Each structure stands twice: as C-alpha cells, then as structure tokens.
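Listed after this line are the structures, all set down as structure tokens.
Both complexes shown next keep chain A, but they swap its partner, so chain B is in the first and chain C is in the second.
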Partner chain A sequence: MKMTNKTSSYQKIKTRLFWVIVILVLWEIVAQSGIFPAAIFPSLLVIARALENSIVSGEILLQTAFSLALILQGFLISLLAAILVSSLAAGNKMFNGLVDTLAAIAHPLPGIALLPLIIVWFGTGTTSILVIIVHSVIWPMILNIMTGFKAISPIYKEAGLNFGLNRFQIIKDILIPASLPYVLSGIRIGWARAWRALISAEMIFGAVGLKGGLGWYIFKQRVFMDTPGMFAGIFVIVLIGIIVEDYVFAAFEERTVKKWGMI
Partner chain B sequence: MKTKVILSIVVFLFFGLILAGCSAMGKGREEKLQIRIAEQYGLAYAPLQIIKEKKLIEKNLPDIQVTWRQLGNTAAIREAMLADELDVGFMAIPPFLIGWDKGMEWKIACGLSSSPVALVVNKESIKSIQDFTQEDRIALPQPGSVQHILLSLACEKIWGDPTRLDNLLVTLDHPDGMNALLARREVSAHFTTPPYLFKELENPGMRQILDGKEALGEEFTFIVGVTTAKLYQDQPEVYDAFLRALEEAVDFMENNPTETIKILAAAYQIEQEEVLKYLEHPDMAYSLEVKGVMKFADFMQKNDYIKRKPANIEEVIWDENDK
Partner chain C sequence: MGNDLKQQEENLIDRTVIICLKSVSKYYRRSQETLRVLDHIDLDIYQGEILALLGPSGCGKTTLLRQIAGFDHRESGSLLMDGHEVVQPEVKRIMIFQDFNQLFPWKTVIQNVVYPLQVNRVGESDTANREIALEYLKLVELTGFEDSYPHQLSGGMKQKAAMARALALKPKVLLMDEPFGSLDALTRIALQNLLLKVWQETGVTIIFVTHDIQEAVILSDRIAVMGRETAGIKKVIPNLLDRPRVVGEAGYSEIYGHVYSLMDINPTK
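After this line comes the complex of A and B, so read on.
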C-alpha cells in the first residue's frame, strides 16, 4: 500500500514537471519569435532577472509574507465560521433555511462588486481586505460542507444517537469525518477564491500596511510598465498555488480520506 | 512515453494555430480609415465631448470610422495602445513619460487642458503635508500618476525624499476616493481634480493643502493627447483631421459658451450652473499648447521613476522631422 502511494506521487511530480517544461519551452519560443513586442511578452530570462532583483532587494519576499499572513487569517476565520454555521444548519430546519437563503443571495456576488460599500463601511485598511476574503471564501465553503452533511446516510447519525453521543459529538465524530471529501473540496475552492479576492483587493486598495502585498506588487509593476516584474509577481502566486495544492492539500488527503478509503 | 510525445506535439500545434490566428486577424482590419481614441473621466476632457457631439472628425474626414473608449486609468490606455487597439490616448504627462522611457513608439500630439489638481484633507489637524501621521491615508489614482508625481515633488522639496509619503498611499479612482474622503475613516486626504475636487470642497471641514502648480513650481498641461507612431507616420490625413477637430472644439467652446455648457451638462450629467461654475475656475483652461514636460522629465529621471529623459522637447512631441 505504502509503496504504491509513493510511486504514484513520484509519477505525479514527474508528469507535473514534464508539462511545466513544455509550457516554459512554448513560452520561450513565442517570446523569441518576436510575434509580440517584448513589452507584452518578455522572455523567460528577463522575467527570471526581474524576479531575482525583487528577491535580492527583499521586496517581493516581504510582500508575499504579508499576503500569505492576510490570506491565512481570512481563510481560518472563514473555515471556522463555515463549519459552525453548517453544523448549526444541520441541526435546525429554520436556521438551515436562513443559511440557504443567505448563500443564495451572497454566493453569486463578487467581492469586488461590494467594494464601494466596503470602503464606506470598513475603510481601506486590512479589515476591508479581510472582509472581502471572508466573503469570497465562506459561501462556497458553507455550500460544500452542507452538501457533504446532506450526503451522509441518516443511518450513521441514528447509530450515533443509539450509542448515546451528544449533538457536539455527532458533529465532530460523524458529520465532519463522513463529509470530509466535500469539506476538502470546499477548502480547495475556498483557497483559490481567497487568493483571487486578496490579489484583486490589493490591486485596488494599494499598499495596505507598510509594504502592501503581492497584488500591490503586481499593480506597481503594471503602472510603471515593468512587464517582466509583473510576470515575476504572477510566477510567485503560481508557485505558491502549486506548492499548496501538491503538498499541503495532497498530504492532508493522503492522511485522511485516502487512508480511510473514502476516495 | 510515446503518448506524451504525441500529446506535446498536439499542444504545440494548438498554440501555433492560435498564434497564426492572432496575426492573421491583425492584418485584416487595417483596410478602412479609422481612428480609435481613449479618454478618461472628468472635466479636463471637455473638448472631446464637443468633438463627439459635433462629429468634428467625421466632418474633416467624411469616410472615417471613429471609435471612442472611456477607460478608468492610464495604465489601461497604455496597454491598449501597446496592443494596437487604440491610436490616440489622453493622459497626464508622467504616465506618458513612463511609456516613452520603456520604449513605446508614441509621442505627444497636442495639449488638451490645464486643470486645478489639489490635495484635499478632511482633518483640522493637517495644515500641510508635514502633518501627516502613520495613521493617515492618502488616496490617489495610482502610483506613477500625475497626482503621485506631484505629491513626490512636494515631498522632495520638504524632506529631500520623494518617497516619504509612499507608504500612506491608497489607490482609488476619483469617485471611490471622494467617497472614502467624505466617509472620514482611514482616508484623510485625496489628490484629485474637478468635478470631484470642487464637490469635495463644498463639504464642511474639507480643505485644500497643496495644489499642482505649487508642487511643480510652474504651470503645466494637465492632459495631453498622445498618438502612436503608426498613426502619425502611416495615416497622416487621419492625424491631421483629428488635430484639426481638436482645434475646432477648443474654438467652439470659446465662441459658443451656451451650447458648450448644454453639451457638457448632458455628457457629464451635472447641472448647467455647475458646469458654468467649473469652467469659470481660473485654473481651468483648454489649449493645444504643451507645457511642463521637461520639468516633469527632469524630476522623474532624477528620482528613478524613469531611466532616461528626452534631450529636447522634439524627442517627445511629433514634428515634421518624424514624417
């Protein structure tokens, strides 16, 4: 069992690497062909140099750290709130209806559409960015977790009741583990949405805090027409995305739902 | 492994087709006479509303197809011009210089307007830019904008450090900036232009602490018209028709104030009396003359906003030698 897991993850990294190289080669061919001006489509070397410069100056590291800290904060708040709200909704029909209605109203609303309101209500500081992140993340998470709860056969819950578990134990020991695949995909969607919300909010708000985050970094490169620098910022976002997907989420999956034989 | 090779060939072909499609599209559309012009928001662009309403370009060159686009910020205009989606863009001098520095093939065709541009604060305690604290936030359209460069100029004069207030900046477009200033939360200052500037100053407790002319030390053209080399060199008749239309629009505003006000009130959806009040402001002027380019270029190069500066004004303004 262990052996096959190892080879499959090795295989996955190999294919991932293969495609990354294909994409990079394609990129370089297009850049070298001169179809597009260098100001639109810079070559990899130029981008790498821009990335190196911002790493050496420490600028991009500080801004990445700032963004990551904000995102983790927003993400954890949303995760806890989503679990709490979904659990409550699972136990109470009226409350379930309320959450359902709220999600129907708020889920399709892009955070950026709320921006003018958020500026007036919360100003332009970190609070506002957190509000946008939480808004973007919490609804898909709630919807996923609630679907997960609903998908659980009532037999499990009834069996739990027969064993004399209380409401909290039912949520902790039955509902959450049994719906973990849904929760996990909710977390994945939430993570991606959190990044999107953060980067767009930062690009609009500017430097919140001393240095600002990655979105601000990209925006600054844009207004000063530093296209390679822009790509350097985008590269960092992609890199973080891949690391989180391939290592954090995959490892979590390995240790839970895969180990339990759920997927 | 074999499937992988095949797959990668398919991917290569796919991208190749997309690229071929893009370049074919680029060729197909140059046949007809056309001009694509981008403007931004605000009274500084008033003559363009006259050109639109009176169809002045079409009058000068009957067969031409004129496309107008209103974009929210200069970076978008610059990118659209780079992608060959626009021929003419109206913007302030600093964003033009940034593009010129990065090798964009464009030059200034004309001036459009001078306008009041000022820093408004909502706190009694802030009497000058020296009174800003770490808790204050200054809203302006974006770094590298004329507002940002003017603020940097003022900072350099006082502290010798143009970036002194950069960590207080918040990037908001003019309407959002005004809302944020009036909400009196974190944003305590807004660097803006009319009509937002005038509207803000009408509110109790709002004061102006710095204006553009004072920061630069001389008068300057606020908005200039910039055209691509392609328009200037390949379609001189279109370029001339456009420039003539602009002259006619400025003359029209001078000679037909009543109709001008009517057109502008409709275009900006503000009351006619307001428009009249704005146009009568002593610093609001429309002219094709270009002032202040070298002063901005000197400052921006000295402080690393751009790497090179024009040796003379001909390097950045179209003239006979460029034909």
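After this line comes the complex of A and C, so read on.
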C-alpha cells in the first residue's frame, strides 16, 4: 500500500516536471524566434533576471509577505467563522434557514462587485481587502461544511448521543471530523477565491506607503512597461499556489482523510 | 430432566425485570395512511438474559430496539428501565448497529474505545482508560489491532471492536441490531461464540435482533417472535437448552420447529 502510494506520487511529480519543461522550452522557442517583440514576450532569462533583481532589492519579498499575511488572516477568520456559523446552523432550524438564504444571496456575488461599496464603508486600507477576502471565502466554505454535516451517516451522531456526548462534543468530535472531506474541499475552493480577491483588490487599491502586495507589484510594472517584472510577479503567485496545494493541502489530506480511508 | 426444566423456568420467572414495556406504540405517518409498526407492545426484559427479537424483514424489530435505546419518540405507552422512564439514549443501554461503519473512521481502534471512556470519565487518567480499553480489546480477541484504523479491519473485526467499545462502558444492557447479519457463515458462528463468552464473563443483559431462527435458538434464553400482521410480539418462547448449544442436538429441532411454525412462512402463498 505504502509502496504504491509513494511510486504514484513520484510518478505524478515526474509527469508534472516533464510538462513544465516542455512548456518552458516552447516559451523560450517562441521568445527567441522574434515573432513577438521582446517587450511583450520576454525570454525566460530576462524574466529570471527581473525576478532576481526584485529579490535582491527585497521588493518582491516585501510585497509577497504583505499579501501572504493578508490572505492568511482573511482565510483564518473565514474558516473559524464558517465553522461557527455552520455548527450553529446544524443545531437550529431557524438559523439554518437564515444562513441558507444569506449564502444563496451572497455566494454568487463576486467580491469585486462589492468593491465600491466596501471602499465607501471601510476606505481603501487593509481592512477593505480583508473584508473582500472574507466575503469571497466564507460562503463557499459555509456551503461546503453544511453539505458535509448533512452527508454524515446518522449512526455516528446516534452513537455519540448513546455515549453521552453533549452538543459541543458532538460538533467538535463527530460532525467536524466526519465532514472533513467536505471541509477540505471548501478550504481549497476558498483558497483559490481568496487569491483572486486579494490580487484584484490590491491592484485597485494601490500601495499604502510602500506596501501594496503582489497585485500592486504586478500592476505597478505596467507603468514602466516592465513585462519581465509582471511575469516575475505572476511566477511568484503560481509558485505559492503550487506549494500550498501540494505541500499544505495535499499533505494535510494525506495525514487525515486519506489515512482514515474516508476518501 | 423434566424437573430440571421446570426449575429453570421458575428461575426465569423469579428474575428481576430490568426493562419493562407497557403498551408501547410507535407509528410512522405516510402521505395517506398511518403505519402502526408497534401497536401496544407489552414486554418484560430480565436482568442478565439474552432475549432474541425475531421476525421477518420490516416487522419492526429495529423500530422496537430503537425505542428501547431511547432514540425515537413514541406515540404512547411507558418504557421503564430500573423504574425510570426511558426518554433519551443513555450509557447504560448501548446500541450496536448492523452497519459495519459505526466505529469513528478518524480514530484508531483503541481511540474508538478510549474516547467514550474519557467522555464519561470512567478511568481516572488517560492511562487508566487505555488499560481498560486494552482489556476489552483482549476480551473480544482484537489484541494487536489497537492502532489500526477501522477501514483496515474486516467486517467481523469491526463488529468486535464495536462490541469492545460498548462493553468497556459497562452498560447494563446491550442492544444489538442484527450485528452479525452481513457476515459470512463461519465468521458469524465465531462471533456468536465470542458474544456468549463475553456475556458469561460480564453478565450483561442482551437484546439481540435477528431474522435468523438458528441464531436466535443458539444464543438466547427467550425468543420474542414478531409477526408482520400483529404489529407487535406474537409470542415469547423460553429457550432452556443447555449451553453450549450445538445445532441438531437434543431439543434443538423442537424449539426450532416451534419458532418456525410461528413465523408465518407460508409456502403456498
């Protein structure tokens, strides 16, 4: 079992690497061929140099740290709030109806659509960005967790009641672990949405002082027509996405629901 | 021998009633009609006995067992345990389901047993609870699988673990809903023998739902036969065969035949 698991993940990395290399090679061929001007389609080397420069100057690290701090805050607030709201909804029919209705209204609403309103309410500081992140993340998270709670086999709850668990213990020790596969997919969707919301908001809000985040960093390069700099910023976003997916989410999944045979 | 039987029967009558059902009714309402699954059921359950609830599929065995467990609301009647009305599930009556997936998949076997002990503060420390859990896993012959996750166990092993988890809480009554119903014949016999061993060692009262006449005869002290038309218990048959019981031994076929004749098995229809 362990062996095949290891070999299959090794296999996965190998195919990943293969296609990444193919894409990079194609990119370089197109860039070198001169079909497009270098200012629009820079070669990999130029992009790498731009990345190196912004790392050495510390600029991209600063902006990345700023963005990561914001997204983590927004994400944690959303996760805790979503668990709390879903748990309350699981215990109360009236409240369940309310949450259901609110989610139906708010879920299809893109965070960016709310942006003007949020600026009026909260200004153009980090609070507004947090509000947009929370809005983007919390609804899919709530919907997923509530679906997960509903999908739980009633036997687990009944066994829990039989063992004398109180409401809080039922939620903490039965509902949440039993719906973890759903919680996890909620977290994945939430994470992707949080990134989008964050980068768009940063582009629109601009920098407060020096810090504007990765979104602002990319947007700023436009002023100087610094295409390699834009790609450097995009590269960092992609890299973070892959690291979070493969090393955080996938690793967590491996240690929980996969180990428990729940998926 | 005849005297012996009579003596045993009197002993049975003398025994203390642990659970007493008086005129218990449970209906399910459907769009048009009301389904009277349990209609004014009277039943006494004696301390320390194994009572088999036997009947065809859909006759209301699970419904009755869930009533005794305290999971469902009832239309009318009273259900007393030690003189107290049963209104909710309690640790002194533990249910074991037919479904193999009743262990918590996110806990190892031993964690599954330890967790209810912690919740109920059975042992004084986590180490004490672990000791208790190990002892009961040994009782059900699961030593060596403490750290396995439920999905790594066979169906029979899962049911054993569920038994250990229930017994570790020292319930007065074990409610078992066709726990061996989905097992192959050999494993089922092994688990029946294990259950009898555990019963003899712990003295727990067992209400055992089954639709298998042989299983009822091998295990139980009394067999409550439920019928589909009667919406309740047709007859309670005492089963005083000597233990250990073997299929086909003296007395077995009489009692089997008696139960069979009550089961409305009508080949012409």
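By definition in this document, the second predicted complex is superposed on the first by the 259 of 263 C-alpha atoms of A that agree within 3 Å, B and C clash if a C-alpha of one lies under 4 Å from a C-alpha of the other, contacts with A are read in each partner's own complex, and residues count from 1 in each chain.
Everything that follows uses one rule, which is that a residue touches a chain if its C-beta (ideal position, glycine included) is under 8 Å from a C-beta of that chain, and two chains touch if they have at least 3 such contacts.
Quick caveat: nothing in here was measured; it's all calculated off a predicted structure.
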With both structures lined up on chain A, is it a clash or a fit for chain B and chain C? fit
Just checking: does A:I204 make contact with chain B only, chain C only, both, or neither of them? Give me first, second, both or neither. first
Considering only touches as defined above, state whether A:F224 meets chain B (first), chain C (second), both or neither. first
Determine, under the contact definition given at the top, whether A:V30 touches first (chain B), second (chain C), both, or neither. first
Just checking: does A:V22 make contact with chain B only, chain C only, both, or neither of them? Give me first, second, both or neither. first
Counting only touches as set out at the top, which of chain B and chain C does A:A39 meet: first, second, both, neither? first
Using the touch definition from the top, say if A:I119 reaches chain B (first), chain C (second), both or neither. first
I'd like to know which partner A:E253 touches here: chain B for first, chain C for second, both or neither. neither
After overlaying the two complexes, what is the shortest C-alpha distance between chain B and chain C, in Å? 34
The residues of chain A that touch chain B in their complex are 18, 22, 26, 30, 35, 37, 39-40, 115-116, 119-120, 122-125, 203-208, 210-211, 219-220, 222-226
Contacting residues of chain B [partner chain A, same complex]: 4, 8, 11-12, 15, 19, 22-23, 74-75, 78, 82-83, 95, 98-99, 101-104, 137, 139, 142-145, 166-167, 169-172, 176, 179-180, 183, 185-187, 305
Contact footprint of chain A on chain C as seen in their complex: 69, 71, 88-91, 93-95, 97, 99, 101-102, 104-106, 115-116, 119-120, 149-152, 169
Interfacial residue positions of chain A with respect to chain C in the complex: 153, 155-156, 158-159, 161-165, 169, 173-174, 177-178, 180, 256, 259-262
